[in-house]
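First chain written, first letter: the chains are A, B, C and D, and each begins at residue 1.
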Amino acid sequence: MTYRGGTGAAGGVPLDQPEPLTSRLVEGDLVISPERPTDAWVNLPAVSGSSLIFDLEQPRTTDMPILPVHRPGYAYFLYRRHVDNYEPATLGPRTSASGVIICMEHSGTHIDALCHQADDLKLFGGVSVAEVEGTAGFTKLAVEEIPPIVTRGVLLDVPRALGVDTLDPGYAVTIHDVETCCTRQGVEIQRGDVVLVRTGNGRFWSDPPRYLAGPGVSAGASAWLAAKGVLAVGADNMAWDVLGVVDPDLGCHLPGHLILLARHGIYIIENLQLEALANACAYQFTFVCTPLKFVGATGSPVRPIALVPRLP
Amino acid sequence: MTYRGGTGAAGGVPLDQPEPLTSRLVEGDLVISPERPTDAWVNLPAVSGSSLIFDLEQPRTTDMPILPVHRPGYAYFLYRRHVDNYEPATLGPRTSASGVIICMEHSGTHIDALCHQADDLKLFGGVSVAEVEGTAGFTKLAVEEIPPIVTRGVLLDVPRALGVDTLDPGYAVTIHDVETCCTRQGVEIQRGDVVLVRTGNGRFWSDPPRYLAGPGVSAGASAWLAAKGVLAVGADNMAWDVLGVVDPDLGCHLPGHLILLARHGIYIIENLQLEALANACAYQFTFVCTPLKFVGATGSPVRPIALVPRLP
Amino acid sequence: MTYRGGTGAAGGVPLDQPEPLTSRLVEGDLVISPERPTDAWVNLPAVSGSSLIFDLEQPRTTDMPILPVHRPGYAYFLYRRHVDNYEPATLGPRTSASGVIICMEHSGTHIDALCHQADDLKLFGGVSVAEVEGTAGFTKLAVEEIPPIVTRGVLLDVPRALGVDTLDPGYAVTIHDVETCCTRQGVEIQRGDVVLVRTGNGRFWSDPPRYLAGPGVSAGASAWLAAKGVLAVGADNMAWDVLGVVDPDLGCHLPGHLILLARHGIYIIENLQLEALANACAYQFTFVCTPLKFVGATGSPVRPIALVPRLP
Amino acid sequence: MTYRGGTGAAGGVPLDQPEPLTSRLVEGDLVISPERPTDAWVNLPAVSGSSLIFDLEQPRTTDMPILPVHRPGYAYFLYRRHVDNYEPATLGPRTSASGVIICMEHSGTHIDALCHQADDLKLFGGVSVAEVEGTAGFTKLAVEEIPPIVTRGVLLDVPRALGVDTLDPGYAVTIHDVETCCTRQGVEIQRGDVVLVRTGNGRFWSDPPRYLAGPGVSAGASAWLAAKGVLAVGADNMAWDVLGVVDPDLGCHLPGHLILLARHGIYIIENLQLEALANACAYQFTFVCTPLKFVGATGSPVRPIALVPRLP
């Protein structure tokens, strides 16, 4: 298993000459596991004293929005109930209840693993799809390789920067929008950051057609963020990109997926709930996201959080 | 949704007179979500400067250990492959792959929600099972009510305290063992802590029969921890308790589940991987665990982490 | 396991005085299994010499119509592919492929078991729901108790009798319609028959909204058929009854489900494809339907067939 | 969709020169569906007057035997219970219950579609795997192409012919055994038959390790049956072949799968329950088996039946 950071593969590294993965360990994504000793320390953003925790996950229900390609999406079935195993005379007062979860990796708030996207049948770093794709999922760049993410997070509140409540359906966030956010908010994107883009779409979670018709991020803004060397990006919509639009330059749908995951090794987090964070004007924070290690999988549901230091 | 802490329900509060939930907000578990404004700050343990991140989740595979009652356990199926949607002439160079996950809530490293256990058909706080158990799972005390957990964590390394490599199969950790650990390690359990008990069983994850036959925590030690007012407990075995043993006093299997979840509102985290943390002698740390909000469910797979400040 | 026929419970038998099940073995539903010796013979309709086989099952795809209450419906995932296990040098030329099916019992062409419906929390025959409903499904009247069905089938082609192509959305087939069909087609409903009602809705299978908005059978016609002592009924729509309509007498939706399954022990088969059978004017035939023995389940997907003897 | 019979591909037809599928319509497998008019009649075996129905399906439970490669096998979860939707004041007396089924295609009593096996990455008839294997399963030779099977069935009771109760674990039924059965039972295998081989293993269904260790059919006997031009074969064991044995000539496990499915287009039915049929000495019968049309799938659970005419 190779742990990797998000900065070494910053924009400009051509696909056929990726920087060696082993040289890309950076602050914020070092993980200690039994299989892997470590000799490095991680510089964490300061999280001490009083902080607020913002919960960035949308609730998971059968009715939540889902891309058609990821149907049947999600379902939870409670089948063992307390009443079924209550036999106090012989088993005592304790009973148990449990259920089963069926979910596509890309349902609800989730993170995309690098193996989720390919560029001319190559994964990030030039890994040939044919060599790693199989019955048990992917043997490289699958979701279990994503380290726990604990790093600086930055929120870009695009509607606020543009003076609107929420971006219109189909709107594509531009480079100029992103730069405007940075300026107005007084933040600067740094290598290793996780950048969360608010479009305002998160408030439509309970209205799937409207949610799916929402805005997204342009290919240009995706490339701009990739060039900054971020570790991951995220947004409050279904697919980061605007759905249903073919990029004229790249010739594909979801150009941000190609640019970020396949060409720069940058994770994408989707269906975030960013309203409370934006309401608090919390533009910089410690971002924590711990993808589950579904061995071989192309993504994982996650519950990211933002730790916001108390203002002095 | 009611957010709750782990200290107010400390041992000694009788079941029929639980402390009101609303008074139990404590440091470490405050969460901001769009539905719920807040007026409180949280005192986080210091996490600043250089830290190590320890990954406490076991990898998830079809072959991992599972309790018979939770079969069929877990499976991941990759069904959409890159090669299937590669049509460069019309769709450009980008392709996508994805799969489906089937898992019981109580498979792999996971956390138990309070609704998972009942005491004479009452959930924690006296909630009647009959009123909250149904087709969509539980309407109260389900997993989506667990806040993101960011609080002080304490590791109790029982084998080290006893001078052995790993506890024997069937061994039940006693109150004396726990107290010995605290003394030797120089730690004190405090209200709101998450206490992780290492039995050494985690190293048998790839040997399901041996893993399932492993040691656990006694009812006495569970009650001792409950009396300390901890927020959650966890261990490196299948069910915290020793499997297959009826507690003579309580008259049931898994007495710790009754004591902790149903009687004291304390979460249990199971199947942790604690070897690296123990090897580093990291006995106090910031513990982060973000259960997924599967609405109505009795538990969630999790990937807890321990943030260990760099030694000065 | 008790095998039962459909005639003994014919209309008029009050619910609280059901005919004993053991006396109700009739032609067409006797089954020999290892657990159950038999001393009876079955009179089958003549199926000899040349016959045509009509396939009455709709194809099963992720996109097929499904009732919201039965979401997520159905999905098939191929995950093990031939290319994955092709290693001719060591394993020879043979490879294997396989997948996983997720389906609600009541998806696609399927049969309802008697436990699927209750009348004031009593199943057919006065069985108390509380005594048979649990973690493993139903311990009585579940789908594994349905014997293989081999009996006389009758098609009632309502649109043809009414001189239309297909019945309008929301139309409820009346007793008069059913009687008109019998007269025009020259058939008489007999005890033990399986009666298939064609509404013409089957041709909309690939248009889920239109299919779900389709016609159905009235409570009156359901009661009329129950009084004839049929073994089972079926139709080419989602739920036999008209969806979304409350019966003024019974005070519930889906009155036919109450009358047929819960009050008379008559199975319902849904989502049949009857177009070819109707085109051939095949109004009487040998009907074969073999529900799968999912122990405890409330229904099963089926592929019923009609064997039509060659005309002399 | 092409319907096919089992006789045209009789033994001796080399793989690279398969008989055209369109010329292979035979007695017993003609099906009328809306998409496909027909101009042929089928000669069915006589099924008239009094007959017995033998149920050849094993019951389906979570605990039933399963090949490791097909784990997690099968599970049924009842999640919607009558008690959940009982609101007589507003909804009347009717309530409904339902669940969800998760199953591998090759769990329990099931039939293998032709696409389940390949020979040097070619399916039966020389179809290239690369052209038909994909996200939605197989576009050719998948289970929905299997017509309803209504044809003559023959039981070969090998233990009885050999004078034993049941064949030993690991025993491979030989050509001589099969010929001995035919002679002793006075039956002759004909083109288009479905041949069911009893090993006696079916009685161990509730003892998975013993069941999986059971006997099977040799490559020689598989080839002998293929040469007879049968439509399908079946047995009362997990995989027709003996598990865990590499065929010295073909260089692969499960040689019968290669010979029958991939080289001769003959379906295999597994995990049959043949005890009652054997006890009745019913060696010839009408065999009915209706695979579900899971579009693209490599197999289907089935409940085959044998219709045994009353002795005169």
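By definition in this document, a contact is a pair of C-beta atoms (placed from the backbone, for glycine too) under 8 Å apart; a residue touches a chain by one contact, two chains touch by 3 or more.
Because the structure is predicted, anything quoted here is derived from the model rather than measured.
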Self-contact between copies subunit C and subunit D, residue sets same or different by half: same
More contacts between chains, A-B or A-D: A-B
Distance between chain centroids, defined by C-alpha means - subunit A, subunit D (Å): 46
Intercentroid distance (Cα basis), subunit B paired with subunit A, Å: 23
Junction residues of subunit A, two or more chains touched: 75, 78-81, 99-100, 102, 134-135
Touching residues on subunit C, where the partner in the complex is subunit D: 30-34, 38, 41-55, 57-61, 69-70, 76, 78, 80-83, 86, 88, 91-106, 108, 115-121, 129-130, 133-138, 144, 147-148, 150, 202-203, 246-247, 250-255, 257-258, 262, 273, 275-277, 279-280, 286, 288, 290-299, 301-305, 307, 310
In the complex, subunit C residues that touch subunit A: 62, 71-75, 79-81, 84-85, 102, 134-135
Of subunit D, residues touching subunit A in the complex: 75, 77-79, 99-100, 102
